[in-house]
Structures are given as C-alpha cells and as structure tokens.
Amino acid sequence: MDKELTISNLTGNKIKKYLAEGKRFDNRKPDEFREIVIETGISKNAEGSAKVKVGKTEVWVGIKMNVAEPYPDSLDKGNLMVTAELLPLSSPRFESGPPRFPAIELGRLTDRAIRESKFIDFKKLCIKEGEKVWTVFIDIYSINDDGNLLDAAVLGTIAALKDAKIPKYDKKEEKVLFGEWTKDKLPLSKEIPISITAYKVGDKFIVDPTRDEEDISETRVTVGSSNGVISSMQKGESQELEVAEFKEILELITKVERNIFKKLEKL
Amino acid sequence: MAEQNKNERKIVIPGEVIAEGDDFLPGEGTEKKQGKIVANKFGLAEEYNKLVKVISLSGVYEPRRGNVVIGKVENVTFNGWVIDIDAAENAFLPLTEVPRFVKKDEIEEVMNIGDMAVVKIWNINKRGIDLSLKSRGLGKIEDGMIVRINPNKVPRVIGKEGSMVNLIKNETGCNITVGQNGLIWIKGDKIESELLAKRAILFVAEKSFVSGLTEKIEKWFEGEKK
Amino acid sequence: MSKEFKRPDGRKVDEIREMKAKVGIVPNADGSAMFQFGDTIAIAAVYGPKKMHPQHLQNPEKGTLRCNYNMMSFSVTDRIRPGPSRRSTEISKIIEWALEPIVMIDKYKNMVIDVHINIPQANASTRCAGINAAAMALAHAGIPMKDLVSSVSIGKLDKQLVVDLNKKEEDWEEGEGATDIPITFTNDGKMTHIQLDGKINTKQLNEAVELARKACKEIYEVQKKALKEIGE
C-alpha cells in the first residue's frame, strides 16, 4: 500500500471506537503489554548484547566499551554514548542515510532513561582520574517495527547492560584488549530502571501500541523511573494534554511498571 | 510429476527443475530450458494437462484490467481522485466514472484523502491505471474493517469457487469483499465478528503453503468459538 | 594437498563451518532471511518491487536492484562507528553485482527492489553470508529469479587452500600469509562474483575456483532447505 503501511481513516476510527469501550484489536487491555521475549548474549564480539521482542517489534542492542579521556566536567567518571539506528531492513518507512529525528530521539530518550536513573555507576568506570576512563557505547538497532520501538529499545538496553562484561585492559600498554574479557560485569545499580511510554489514542491512554495504534496516536509521554522515583520524562508529538490527563498517564504508567519490572528482574 | 496428487503440491525455488520431458509446457512462473521446465519463482508447483506453473505465494500485486480492488484515496484533484491500490503506479478515478453526478466543489465530500473504496480497474495504459465505480458492489467504504494480505494469497482466501471465503462469511456472519490486490473489506454486526473474520483470513494467508487447509480452518473456527 | 593442514578451529581444509539458515525473520519485509557460517551471521530483508525514489534514479527500461550492506557496530571486537563507510559502500555494490544476473526484473520499469543486509555478528566472510541471505530473501519476496546464488570465501593460508575463512585465518601471517578469495556461483555453475586479496599463482587460483564450486553446491542445499521449510 502506500508502501509506508499507513492505515486508513476507517481502521483508525475503528481502533478509537473500540478503545472507547476499553478494548483493543488483539484483545489486550489498555494497560497490557504484548508478549515480551528477551534473549541476551546474542552477539559474541560485543561486551554485552540482547535481543528483545515485544509482540512482533524486534530490537537488538549491543554494548561496546573503550578507554578514553573523561569529559572536563566529570574527570572521575566514565562516559556514556547511546546511538540508535532505525534500519531500513525493519520497515518500508525507514530509508538509508544519516539518522533522522525519530532515530535521534530514540537514542536520546534511551540515554536519558539510563543516565538519569544512575543505573551505571560511572565513578567505578574511572581508571585514572582526569586521564583514562571507560566509555560505554550502547548501540540500538531496530529489526522489525510493529510499534513501540521506544520501550523495546530501553528494555533491550537494560538487558544488554546486565549481560555485559568489562574487556581486559593492558595498563602498561594503555590499550584495551578487544575480544578478551575479564569476569567483571558493569557496575550497575540494584535498582533496575524502567521506561514506559503512554500513548493517547482518541480519548484513551494505552501502553505498547502496535504500529496501527501508534500511527493514530497524537501524543505520548515517556517516563523513566527506578524504584518508584521518576528520573526522566518527555512528552512527544504535538497534541496538548489536560492536567487531569497527565495524572491519568502517571497512574497508568505506575501500574504498568510493576508488571514490566517483574520481567526484568528475571534477567 | 504427472501422477502428482493435487494435495501434495511441491514447494519449489527459483532454478529448480519441476518436470522433464518434451511434452511439458512452461506456464506462469516457469521457463523451458533444454527440455526441462524450470521454476522462476518461489512457490507451489502445479501441473495440469502437461502445463506446468508455479503458484506464487509472495510478490507484488500486478494489476489487471477488470480486477476489483480496494484502495485508499491519496489525493483529490479538480476532476477526480488519485487512489493507491498497492501497485507501482497510482490509479486514478475520474469524476466521470462515478455513477452519479458530482459537482466539482463537493468532490471532497464524496471521498476525501484517507478514505477507502472498492473500485474496478477498467483500463491500464502507459499513463497509468484508470478506475471506475460504475458497477455493482463498488463504492466508498463507510464502515467495517480492512485486512491486508499478500495479493498472491487472494486465490487461497477465496477458495475454489468461493468455498473458503464463504466458509468464513458463514462462520462469522460478516460480509467480505476480497480485492485482487490483497486488501479485504470485512463488515459485520459487531467488532468481535469482524475481528474473528480478520483472524481467520490471516490464518488462511499464513498457512497458504499447507495442504488440507479447509479442514484446518474448520478446526480453527471450532477452537475459536469455545 | 599433502599431510593434514591444521586449521585454527580444527576443520578439514575443505570443510565449511556449521551453517544455519532461516526465512521470514522480518515480518514487515516482502522477503527476509538469515544465513550463518559458524559465528558469522547475516540478515537480509527485501522490499519491492516498488516505485523508485528519488525520481532521477528511475530507469524507464527496466527495474533496478539496489543493495545496502552494513555491519552493526558491535558485530566485531573493535567497535565500528555507525553509518556507511567506504568499505560498506563497496561491498554493497559488489553484492548488487553478485545478485543482478539472477533476478529477472526487466518488466519492473521505473521500479526498485531494495535489498538490505546487516551483520549482527562477524567472524569473516560477512559479504558471502550476506549474499546467501539476500538470495533467499529475494526468492521469499516472490521476485522472479533464474536461480539462486551461493557464496563462499576460499583462502590460501601460506601455500594451503582452505574453504570458508574465519577471522583467525584471514589474519594468517605464517609463510605467504593469507589470500582471501570470496566467490559466488549460481546453482547451475555460473560465476557472478569474485574478488581476491593476497598472492596466488594461476594453477592454485583455478583450484580455488573448483573448491568454491563444490562448496557453493553444499551451501545451496542449506538455502533450498530453509526456503522449503517455510512456515514450519
């Protein structure tokens, strides 16, 4: 179809009508996620890696590390760099070329969720203050887009970080021995951060939309938190929100978080 | 090959030899090379009266004159609608092919961007595809649901003389219009019936490589109705 | 080939690593597949035929095949910066040339068939794995094709010819070092791609081509099985 797979007014209106009754096409409730399947260690040359499927949406995340100079405003802390690519492989809508806004936003939202939650103890990634620190590279790739790449990406990132082992570092030669790993895992907090996005469809709020549902959603709010404390938030798209709606979103997300947390704990 | 049971159509891949012998004829999806019938497409090989062809189960929609298809209005011009029917070319429905008089300033009221319609291809030429609404069963789709399947699976969903689509209609109580381009319109009394019909259609489309599909779908319906 | 040459992973000189293949791994794509040689994994997705954009790239006489190959940043031990590189651009073109002879796309005027190949994990022979995955994905997408193509890398380690190079062998330093020869064949024996890096005499090169032909037949069986097992 317009090879972009956008839906018709008919289907869009149908989805909204059904949702007004609290129902979704795949029989889920508004606060229900699709089946989440997480597999770690899927790329052997990465320090850590994970494959996440949320329904038919699939994302692969890899962690690589390298040693570099610290930033001038954090001389005793390691660095974080999060990049996301919306691969043309994963959807007829994505084209080859430099990352456009959706990919950039995906990377930045994931970065925010990880950084602000203090999940990684960057002080422990300092090798020599002011001179040498570890940089953690998080690279996110979409493999199939059936909606909600935002949340799938963060789930994959957390799984990959938990899977990661620190590479060997030759102190004398001052170089990383890529391909050889210590037994040490990344210094991570016991509090696992969670990022959930609530999407407004019609007058209702849902989580984990399919591609069709996400297409007709006119605004969304992504909330990152850990241990009940909100540490990052971003509203996306252009429709405005009433304060009462905003409160509804927070309630929805708090409810969903508990269920998702149980899934991540098992990793 | 000659004695092959209809139910055991073989999956073949491009380059594979399907039949050997001078009396076989190369049909759709095949070519004859040095006395052998070779597949040019991935699909199910079928032979009937020495004519060998490959039934594709994937691939793009190739529009043909006379096809009834379902499309989405992409653009409204001063004299008609540009409709996306999932072919390489966009198709055009002129005002003159609508069975009632439409004033130029009410074009958008009749059909606007994003609306779906059941249309017929009445001509294909270098300039593009011409559509018409001048036939029974054609027109703007006001309500119901649209399902997309690969156009090559449409014959499976319709079934021999409509047997499959009629089965789904009876089991769900829905009206179903199957576009040759893989878009299917379902209209039922309740959303639940429409969703059941949608799931049934997707089931048939997914299992199109499998034999004994009629029994499988009947069993599936039994399971769904519990 | 005289006494048993010792390959780093213990394989025989003409032994291909364990292969795995699967079709239909990207639901959104018109056709998709995964192909694996040991630790090297390639995934491919095909979209098309569809209208070619941008318009100035349209070919009014026949369809266009457009390939795009890239490695994921974490696929190798030393991270690759995301984005295209000269190497990935060249390999994209090589893969296009390797696939073009078998696709029958003359009738898709002004249209394009996009083939996207990504490497999530690399242990050498990535372009070969990519070509193998792409061939399956094209068939899966229902693109009219004369045949499949199968690709393998033949190596010369010092003076010894071996089949299906891994990274350790690519980096071979003893004696004459490593010569890397990726080759692609159609199933009916036509060569659609060959490259060479290293040093080799004509006699051994001819032997290498023979070895490749044999190996590609084995690879073809794996690709065929994956396509036939679709939906299982």
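Read from first to last, the chains carry the letters A, B and C; within each, the first residue is number 1.
Throughout what follows, a residue touches a chain if its C-beta (ideal position, glycine included) is under 8 Å from a C-beta of that chain, and two chains touch if they have at least 3 such contacts.
Just so you know, these numbers come straight off a predicted model, no measurement behind them.
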item	value
Smallest number of contact steps required from chain B to reach chain C	1
Most distant chain from chain B, judged by the mean position of its C-alpha atoms	A
Rounded Å distance, chain A centre to chain C centre (Cα mean)	32
Centroid spacing, where centroids are CA-atom means, of chain A and chain B in whole angstrom	38
Chain C residues counted as touching two or more neighbouring chains	50-51
Set of chain B residues in contact with two or more other chains	none
Chain B contact footprint on chain C (complex, rising order)	30-31, 48-51, 102, 104, 108, 110-111, 139-148, 186-188, 223-224, 227-228, 230-231
Chain B partner contacts - residues on chain A that touch it in the complex	1-2, 8-11, 14, 17-18, 23, 25
For the chain C and chain A complex, residues of the former touching the latter	25-29, 32, 39, 43-45, 47, 50-51, 68, 72-79, 82-84, 114, 116-118, 120-122
Touching residues on chain B, where the partner in the complex is chain C	11, 13-16, 29, 38, 40-43, 56-60, 88-89, 150, 152, 206-207, 209-210
Residue numbers on chain A that touch chain C, as the complex places them	3, 5, 42-47, 49, 56, 58, 60, 62-64, 66, 83, 85, 87-92, 96, 98, 137, 139, 141, 143-146, 178-179
